[in-house]
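This is the structure I have questions about; it appears just below.
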Amino acid sequence: MNYLPVEQVINPAAGTVSLAILIFLSLSGYYYMKLAEKGRTFPVRKIRAFEAIEEAVARSVEMGRPVHYTIGYGSIRTAHAPQYTAGLGVLTHVARLAGKYGARLIVTHGVPEAIASIDEIVRDGYFSEGRPELYNPVDNARYLTDVQFAYASSAQAVIIRENAGANIVIGPFWAESLILAEAGTMVGAFQIGGTARDVQIPFFVLVCDYAFIGEEIFAAGAMASGDIPTLASIRGQDVGKLLSIILIVLGLILLPLGVKLATYLMW
Amino acid sequence: MSVVWRRTIPQLLVAIILVVMTALYFLYIDKTTKATLNYWDGLLINYSIVIAAMAAIVGGVDLARYHVSLIMKREREQIPFSLITIILEVVCVIFAFYALATGVPILTQPQFSWIYLNLQVPTSSAMYSILVFYVASAAYRTFRARNPPALLLLIVGVIVMLGNTSLGFAIWPGFTPLKDWIMTVPNAAGYRPIVIGVGLGTIILGLRLILRKEVTWMGRRD
Amino acid sequence: MGISLKRLDTIIGTRQLLYTLLIIFTLIPMFFPLRLPISISARTKKVYSYIDNLKPGSYIFIDFDYDPAGRGEIEPQAVATMKHLFDKNCKLVIASLGTTGPVMFEIMRKTNPDIFAGKEYGKDWVNIGYVAGGESAAAGLARSISGTVAADAYGNPIGNLPLIKEADKAEQFALAIVYTTGTDTLYYFVRQWFTPYKVPLIMGILGVMGPAAEPFVAAGQAVELLVGQVAGAEYEVLVGRPGIGLGAMDAQSTSHAIILIFIILGNIMFWSVRLRGEKR
């Protein structure tokens, strides 16, 4: 049997090394998920921002104030779809906590494609915790607009006028990140922010009480599911980090020897 | 049936599209196959545009419904805002239909572009400008030398601020090159792990979607 | 005493006080310029010398893609660099991947008519207008402009424009400049213009986008960045055409000074309260 040479199988522009890394990471993620399914347990690193969500919801209830949650604005058709997905994942957790503690949850967003999902998630949160009477679709899930600053001003108005006790913002954010976080500060809300948009992370780190940094929002989605095999997939993420560290250190060692590792990684 | 229709099929669709897209990116494909796949790809993009447009209509209805409910509640403070929102929404829809009827693209339709230039542009700029105040108050609150890392943040922040202005240059010309160094070396070094981490997180999220383990985005559990 | 210090801290920390001072100190230099000297960063100098070393008459592709909110920061860069390009007799093909781009371009053209003086539309510059499709639009334009759009922003058939007949594909452009407020657009051009066609890229971006765009330069995917209004002001000095960029530099200095003073006061208050608390 004749085999095709590699260059006729793998797109040279995409890179063989990238494909190898992708396969390796997927396999390691899969491996840990399978191990977890067989009953193996792993210590999964804790994300403080995720653990703080329960406190945020409970505090809001104590103060008699609503919980504000937003996933941002935009279209799910873009490269930011994973971040909206992560935002929706954490929303399931927040919605269930809202049901558990009897909190009034207000979800604002500007993602038209996510209207149905958000509505369902909030409804499920209240119903699954046996509090269907708290669910009010008009009040709980509010689509604002998909225009950046119109969304920002509207979300800001909701946070301030409704006097949110907790302000949780998770998704892809642009210049509006600080507008949302400062609105929360103005009303003294307990704030948790998270985004994988690198430029906006510093604003959340500085202004919020807790912040998800970068990929932590994806891990939070898995934590929200409460499913142990799903949670185990985060180990795959960590294997990737370890691999990156090894490659960086190796690159640093090889550089004085005149070998530029990066050029080989472009293969 | 309902479970298959509502959960299994959408999950499978997502998984299949993810696998196909990844394969298309990484694998070498001959021209005829590529042409066929490009056709399907175009079709998928068109579907997503139609879905987004339909979703925007749902969004418009959702927005109107919420503001009508506020007016019905007769909350005095809220009524003017809700009225403005509803009126402008209706006006924009009318212009859109008018543009459709006359065959003029919506962006060049004179009344619509008047609204755009005279309402949306200045209000957007105003909202963006508000950031300067928020940055100032956030800087005042957070740039406090509570501990050594906070002190480091404070010092670096001050250098970058001074390096960005002619005031800094007037005080000491070295602020500009120092700022440039901070931005290109330690700052870039700090950003890259975050970018790498985001890439890794996205890969594992994709894996969970393919294995149908990430289902929270679908809402209700059956 | 500790309590009164705390009260003073609260007064200084009042948003209204800080915001009012910021408005005042931003407006004052607009009316009474301080004319503080400005330095030219190595980054802006590099962009200037890159454009200066271009062969006269080169074809340049410009993505004019910022939104109204970013006008203050990016327009000065666009005006100054476009003047430099026109002075070098470069031919500009302008397109917008964002819907707000064409509107911002027309505002820029109307408020800066001098840079277009003596330049003939269709031969020296062309405005394609908004091209829908995001990254696929960037890819399409790189393959063939005439194959992607049928008419320019003013309704002229694209085939009738002499400039497009001369420069239709990415390979024919000596440089692509992206003026944008969206980080995603930078990725589109890196992936669709630099990676396949090796078209050199210059990125004119907001101050806040600087850190995110930095790796493009380090990786050699972009020639250099023009970051924020400072870069615009510096470029205005280099091309000898002072504009709003330079005019706003004093305001930037005074507003930064106010923020710095507040940061210092905040720290003094914080430590006074803390030290007194410890003594007791």
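First chain written, first letter: the chains are A, B and C, and each begins at residue 1.
The definition used in the following text is that contacts are C-beta pairs under 8 Å (C-beta built on N, C-alpha and C of every residue); 3 or more make two chains touch, one makes a residue touch a chain.
As the structure is a computational prediction, the values presented were derived from the model and not from experiment.
Peer 1: State the pair of chains with the top count of C-beta pairs in contact.
Peer 2: A-B
Peer 1: Quick one: point me to the chain whose Cα centre is farthest from that of subunit B.
Peer 2: Relative to subunit B, the chain with the farthest C-alpha centre is C.
Peer 1: Could you work out how far the Cα centre of subunit A sits from that of subunit B, in whole Å?
Peer 2: 14
Peer 1: For subunit A and subunit C, what's the span in angstrom between their mean Cα positions?
Peer 2: Inter-chain centre distance comes to 30 Å.
Peer 1: Could you state the distance in Å from the CA-based centre of subunit B to that of subunit C?
Peer 2: Those two chain centres are 20 Å apart.
Peer 1: Quick check: what residues of subunit B touch more than one other chain, meaning two or more?
Peer 2: 120, 124, 127-128, 135, 137, 141, 191, 195
Peer 1: Which positions in subunit C touch two or more other chains at once?
Peer 2: Subunit C, residues with two or more chain partners: 15, 67, 69, 211-212.
Peer 1: Could you check subunit A for residues that touch two or more other chains and list them?
Peer 2: Residues 148-149, 175, 198.
Peer 1: Quick check: in the complex, which residue numbers of subunit A touch subunit B?
Peer 2: 7-12, 14, 18-19, 22, 25-26, 29-30, 33, 75-77, 82, 84-86, 88-89, 91-92, 112-113, 115-121, 123-124, 128, 138-139, 142-150, 152-153, 157, 161, 175, 178-179, 181-182, 185, 196, 198, 201, 203, 206-207, 213-219, 221-222, 224-225, 227, 229-230, 233-234, 236-237, 240-241, 244
Peer 1: Touching residues of subunit B toward subunit C in the complex: what are they?
Peer 2: Listed in rising order, the residues are 45, 107, 113, 116-117, 120-122, 124-125, 127-129, 132-133, 135-137, 139-141, 143-146, 154, 157-158, 161-162, 164-170, 173, 176-177, 180, 183-184, 187-188, 191-192, 195.
Peer 1: Note which residues of subunit B are touching subunit A in the complex, please.
Peer 2: Residues in contact with subunit A: 22, 25-29, 48-49, 51-52, 55-56, 58-59, 62-63, 65-66, 69, 77-78, 81, 120, 123-124, 127-128, 130-131, 134-135, 137-138, 141-142, 191, 193-198, 200-209, 211, 213-221.
Peer 1: Which subunit C residues qualify as touching subunit B in the complex?
Peer 2: It is residues 12-13, 15, 18-19, 22, 26, 36-39, 41-43, 67-72, 99, 102-103, 130, 136, 207, 210-212, 214-215, 217-218, 228, 230, 249-250, 252-260, 262-263, 266-267, 270-271 of subunit C that touch subunit B.
Peer 1: Along subunit C, where are the residues that touch subunit A in the complex?
Peer 2: 15, 67, 69, 134, 182-184, 187, 195-196, 208-209, 211-212
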